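Here subunit A shows up in two complexes: once beside subunit B, once beside subunit C.
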Partner chain A sequence: MRTLWRRRGEGPWPWLAAGSVALSLLMLLALLLLLAIRGLGHFWPAEVALVALQDGQPFAGVAVREEQIPGEETRERLYFTGNRDLDGDRWRWVEVSAIADIRHPAELVVLQRSRWGEFHGRLVAVTGGGEHHTGEAAWPALQARLSELDVLRDERDRLRDDVVVPLVRRLDNAGNLADADFRAALAAANARIRELQSAMGDDILILESVDGRRIEQPLDLVLRAWRPNAMSPLDKLGAWAGGVWLFLSEGPRAANSAGGVWPAIFGTVLMVLLMSLVVTPFGVLAGIYLNEVAHQGPLTRLVRIGVRNLAGVPAIVYGVFGLGVFVYGIGGTLDEWFFSESLPSPTFGTGGLLWASLTLALLTLPVVIVATEEGLARVPDHQREGALALGATRMEMLTRVVLPMTLPAMLTGMILAVARAAGEVAPLMLVGVAKLAPQVPVDGDFPFLHLERKFMHLGYHIYDAAFHGDDVQAAMPLVFATALLLVLVILVLNLTAIFLRHHLRARHGAPSRW
Partner chain B sequence: MKDPRPPLSLRLRRRRVRDRLATLLITAGGVGVVVSVLAIGVFLALEVVPLFLGADALSPRELWGPQPVEGYAEPQHRWRPEPLIEGDTTHFGMAPLVWGTLKAALWALLFAVPLALGAAIHSALYMPRRLRTRLKPTLELMEALPGVVIGFVAGILLAPWVERHLAGSLALLVALPLGMVAAGGLRALLPMPLRVRLSPGWAGLWLMPWLVLVGVATLWLAPAIEAALFGGDLRGWLADTLDLDYAARNAMVVGLAMGFAVIPGIYALAEDALAGVPGSLGEGAQALGATRWQTLWKVLLPAAAPGIFSAIMIGAGRAAGETMIVLMASGNTALMSINPLEGLRSLSATIAIELPEAAVGGTHYRLLFLAALVLFAFTFLVNTLAEGVRTRLRRRYRRLEGGT
Partner chain C sequence: MSFFTSSSAAGGPIIDFAAAESSLEIAGLSLAYGEKPALRDLTLRIPRHRVTAFIGPSGCGKSTLLRALNRLHDLNEEVVRRGEIRLEGQDIHAPQVDVAELRRRVGMVFQAPNPFPMSIYDNVAFGLRLQGGMRKREMDDTVEWALHSAALWEEVKDRLRASAWTLSGGQQQRLVIARTLAVQPEVLLLDEPASALDPISTLKIEELIRNLKSRLSLVLVTHNMQQAARVSDYTAFLQQGELVEYGPTQTLFTNPRLRRTENYITGRMI
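The block that comes next holds the complex of A and B.
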């Protein structure tokens, strides 16, 4: 029978159908590949080219891309040249035909600085502390000093975040009543910070750009340094891993166009955790009610359809609801009752972590309800009847027989809800996400978890850095890395859910009612 | 021996009480959750009502009709809820926003429906079971990709790329389907052992490298075609001959990106509808000598049509409400034009941009709530319709199955 069909032609339609599968998969693959390559490639120390132009001017940069000028024969190449303090710009378009010579000399250094961005050029000397290293000795001296600096910087940041900031906040709150111990502790911490700062401050690098201009660079503004052209692949791999780690563990710099995304990761995870704390019990409760307790009449059926349809209501509508009800409604009232001393500046009457979690909990409630219901429907009726026949009350039947069998389904629902919430950005724009919130909502200060604070979010970080930065081009690699991170998190969550559900189907067989 | 536990009757009563308490709790919680979830629509409606009451109520003409605008002879559809400069007049015409929403959804569907239905047909009819059970979760992953990532790629990479390679991208729209058909034709010419290797069931996979090849060839040839047909400047030709303006972030790019986002949803529902058609129907047709495609066209599709319709409706609802993709890929210009190469501004993007800045309780604020209400009502209606159709379809399948 099958071979018979194959011999007879079926026209072009089957091929179009097959082609649409291929095309959909291709698009998915292309998107994932693009994110992976652009997102991870950025951390690889790219070779710095020393480009000599026909007119004799040299510059050092990393080739980014090449473009054909429409309507002309020439091609232009974009170089990332860094050195914004010298040139006023970090990018340079060059006509390919105007390039006389490209070399990759090993002595070119790339410095990552906390001000002015990257530097490309040569290292002339390291001076400070009575020592002066030039020539070949300069590079090892720089590396030694940088690793010392890292230790000092770590200690300073830890002191500032863990000791000074909480103390200052407590002093603010307590006003004049603060006792002398506080002030003494604060003064000691500040003195130590100043000491660390001065230990960092006095070294100077003498740098030279490839066209011969010299600058003096204070060493404490240099974060990392490498010589990409002199590195072996293994060294580069090490530097790459270091770059990825910094991206994951540091806060953003330079208006979100450099640095890392740690506060955004933290904010996303915390928000999603709070959300699942809310959504799971309520969703499961509603699912149990609809499937086990409610009278299965037309009203319940209608409600069920309504709940399912809410899963299709646009996320932004939930955002509007959250803004109207949670932020302005409940939040405004809370402010009037408990925080009236700080009005008119709102405490809960503005977007914050709590309202964002609640809004997303509402948004993902249908997901959990539907998953729970499906799990409950999959439990065969004779299990329930058996339990009841043996004298169990309905509660006992539910908790001892039915719910244990439904547990994986509820877990699946929760994971799907988390995956959906982690990727949802639109409602957050209304109820509490912030462009930059370097203070994470958890710290050592009572009550430790600050529900009213704004937070950063990976998805919003992508939108903000890609569309609202002042140098979008420079932020692009980090945006790709952030997008990759977000997609990875969501894919892993979804894969877990799919795996769980598969496991579940294999154990319980086909659903009995849907 | 004395039983230390309380007497049986007491224990039983306690269990009963506990049971009743638990039931009460579940009922209270369940009803509470359901009511609060369903209250969303009611709340939005309540916030909107003041717009139409009182002295400075907005008339429907102000909201939906064209307005006289300074500097224009004809009345214009205009959305400018806040004055740009001091003393500027405000315009509350929501028609361009609704139009933008529908336009974006339409282009998304135009792109997504053929692909999703094609994929559903292929996987329901031709694909071996082993492959199908792999494909479904893969496409589910595609659905889970966050809109902000898709919008970012569309707005930052795709839009400039299409702008630079407009001829190439339009040529791709023609060349890829032709390439698919050509693959079928070429396969028939292959010697038998190779042809068996390239079975139609696995075509979804082995067509991928072929389509890449076709795509690369098309892009390579496109400048030559552009030079031959349009004098090397397609955009100029479009502007001169068809009077079409071009914006980098346009409805076509939005359609492409949002189409990508809604394909998996439509696919999953359509595939369910097709695979759910009772086997006896298809087998009967094939026993009478129909090919697989004839079976599909004459028997399966008519039977599954309501399910496919509801799949498309749900896709439309998703496309109408999607925010981040439109926000990032559309340019957000409130225009009333059918030109697919111009920008648009949708209801959802307008809410996301303007609501954080709107004064609480003001006209602008309530108008944005009205926009949310319109979106809510639209998606709720569309989904209810789709769900009703699906329920009826399931009943029909059950009857058909029972009849044999």
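The block that comes next holds the complex of A and C.
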């Protein structure tokens, strides 16, 4: 007899569903971990090995990776040796079997220099300001002098960026009408800069590579110095944090293969904000028109299909459109009308912040329209009728009842738009991004927001550093770090919008799902 | 021109009111959704300060007629309309009529309570804010008055800022009535206002209706004949878009003129 309570169960479906979610999460986690380890790991002060070969000179370097030589038994190891001014190259492959001895002497120093990159070796002497330190006293003297130099360097940079450059630009624009005051201020700033330069230029370091060659290193070109083999984990953590901070706050150096990405962060966020400012009103209004105002006939259906298809157009096509219509078309015309005295040097007739934002706004417009339409369709008719029955005009019904209920959906549209736009690189290359633009488009000069300037962008920076650098090996960790940063920036932008949406839903008393 | 059919000289199946005592006049109204006719040549007058009930089987057109009275059919492009509707003697479809103002004067309460996703206070004040120009003190007073009129004040006076959706169904419906009353309409249309509510709430709504007729003219659509009998002064029986019988409620329910009416009331046919 068949049992009455035979279990049917749900079959494999819950497992398949949960498994898909788990798989997606795992992949995301793996991606983030990869980026974090290879990117953030770059800033951790690695120990420098003193490698003695069985035949030949010793060298100092950081082991990066090991590979099997194809077709042979031996393995090779790649060391980052720095010292480009001494050796001509910053990298060195060594057969593992040829290594006689590896040590990690505590006195090995690593110097980060603004010219020639990193130095690995020993500190012999510090000279400057009438003092001369050698031996044990050299390292503390170096550190003390470096912090003093930092202060002077900050003042020099501040003078240059905040005083000299704007004044020069104003003089350029004013031409012969330059004020005597301007010139005086400029001369004073330049004089002070020269003072600082000479104060900084005094100090010289005597450095020695581990194979005995000595060089004289001006201290004002040295950015940071540390002795990784002598650092405690806490010291290393501090140095790591300092390195990350510099990465986030400084501009790039050495053709984007070193230094920081602050201008790229600023440019990316600024462009995304401008794009949102443009796309949100247009997208929302278009969605409202299609859903609430238009007569729902064949023409409206055609427009709706067209909008949804626009979402599938490749991004580079938008870039070409932006180039043709915005940059050459509108930009060229603007130049003729308003900036003709600068021609043939283009002002708006070339790529810039404004055209990039507009192009990406076009790119993400379909997404916002569709999201708005979906949100409007979800507002129940009885809410609309309720408003009308109280004597509201159609406009009042829309603005006071329907649109507040649609805000969460509109924010969803904006989230999707931001996520897509922040990561697009191809169209930007045509309409406004620059390989190097350390001056951000926002400064103290009227009109404060310079829409015609080119800007840096994290996505483009990744592409440029990975493919166009002369030293791709050195740039790779920065590429990973920048990629991680881009993901985090998008994450932060999205989370902000999601929080906002949650708050709005809760306020309206509607059930809120994250 | 004689609008009315009478089966006998004195008081046929359709009662006639003088224009002066009518709030709304419907003259020769025919309405169709595209090809499908919904109302056929309706003519009747709604008396002022009374409760008039529309009864009839499903699909007879009573809700359609109700929604025609505040021009809600304007939203529907398919609707084709002939005939006239007059509010206090003025044609509501005249080109110079402000529809929004019409809908303020002729308020409507729907079958399922539909409070806005706002606080109780904001729901009641919604119509007031549309009119504009009211100071906070005056608005507070009007909101309190409206909630009193809807017999809801005592229950919500301590939580005016709470979301309207935290109220029970019956309270929500009274809130909807309150917000409609706040804008001082002349006519109140009620489309099966208690059909989604429990019996206690239903009784409260019915009592409210009785109390309101001193100030407004009320038109009530209901499929509940006992409710029509309890609450209304006059009842119109519609069937398939036609006005079959229209007279004092007592008479229509105890002594209907037409067989069709009697059949419907006694449940012998749908």
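Definition applied: the second predicted complex is superposed on the first by the 459 of 514 C-alpha atoms of A that agree within 3 Å, B and C clash if a C-alpha of one lies under 4 Å from a C-alpha of the other, contacts with A are read in each partner's own complex, and residues count from 1 in each chain.
Heads up, the rule we're going with is that a residue touches a chain if its C-beta (ideal position, glycine included) is under 8 Å from a C-beta of that chain, and two chains touch if they have at least 3 such contacts.
From a predicted model like this one, the values you see are computed outputs, not experimental measurements.
Of the two partner chains placed by the overlay, only subunit B lies in contact with A:283; subunit C stays clear of it. In the superposed pair of complexes, A:318 makes contact with subunit B only, with no contact to subunit C. Applying the stated contact rule after C-alpha superposition, one finds that A:491 touches subunit B and leaves subunit C untouched. Contacts of A:463 after superposition on the shared chain: subunit B is touched, whereas subunit C is not. In the superposition on chain A, A:24 makes contact with subunit B only, while subunit C stays out of contact range. In the superposed model, A:396 makes contact with both subunit B and subunit C.
Once the two complexes are laid over each other on the shared chain, residue contacts for A:307 go to subunit B alone; subunit C is not touched.
In the superposition on chain A, A:387 contacts subunit C only, with no contact to subunit B.
Which of subunit B and subunit C touches more residues of subunit A is settled by the count: it is B.
When the two structures are aligned on the shared chain, A:367 is found in touch with neither subunit B nor subunit C.
Residues 393, 396 of subunit A lie at the contact with subunit B in one complex and at the contact with subunit C in the other.
Within the complex formed with subunit B, the subunit A residues making contact are 1, 5-6, 8-29, 31, 34-35, 67, 70-71, 282-283, 285-286, 288-290, 292-294, 303, 305-310, 312-321, 323-325, 328, 362, 365-366, 369, 393-396, 398, 419-420, 422-426, 429-430, 459-460, 462-463, 466-467, 472, 476, 479, 483, 486-487, 490-491, 494-495, 498. Those residues of subunit B whose C-beta lies close enough to touch subunit A in the complex are 15-16, 18-19, 22-23, 26-27, 29-31, 33-34, 36-38, 40, 43-44, 47, 114-119, 121-123, 125-127, 135, 137-142, 144-153, 155-157, 164, 176-177, 179-181, 183-184, 188, 200, 203-205, 207-208, 210-212, 232-233, 260, 263, 267, 286, 291-294, 314, 317-318, 320-324, 327-328, 348, 351-352, 355-356, 360, 368-369, 372, 375-376, 379-380, 382-384, 387-388. Put simply, subunit A touches subunit C in their complex at residues 295-296, 380, 382-383, 385-393, 396, 400-401, 404-405, 508-510. For subunit C in complex with subunit A, the residues that touch the partner chain are 70, 72, 75, 77, 99-101, 103-105, 107-110, 112, 114-118, 126-127, 129-131, 163-166, 176, 179-180, 183.
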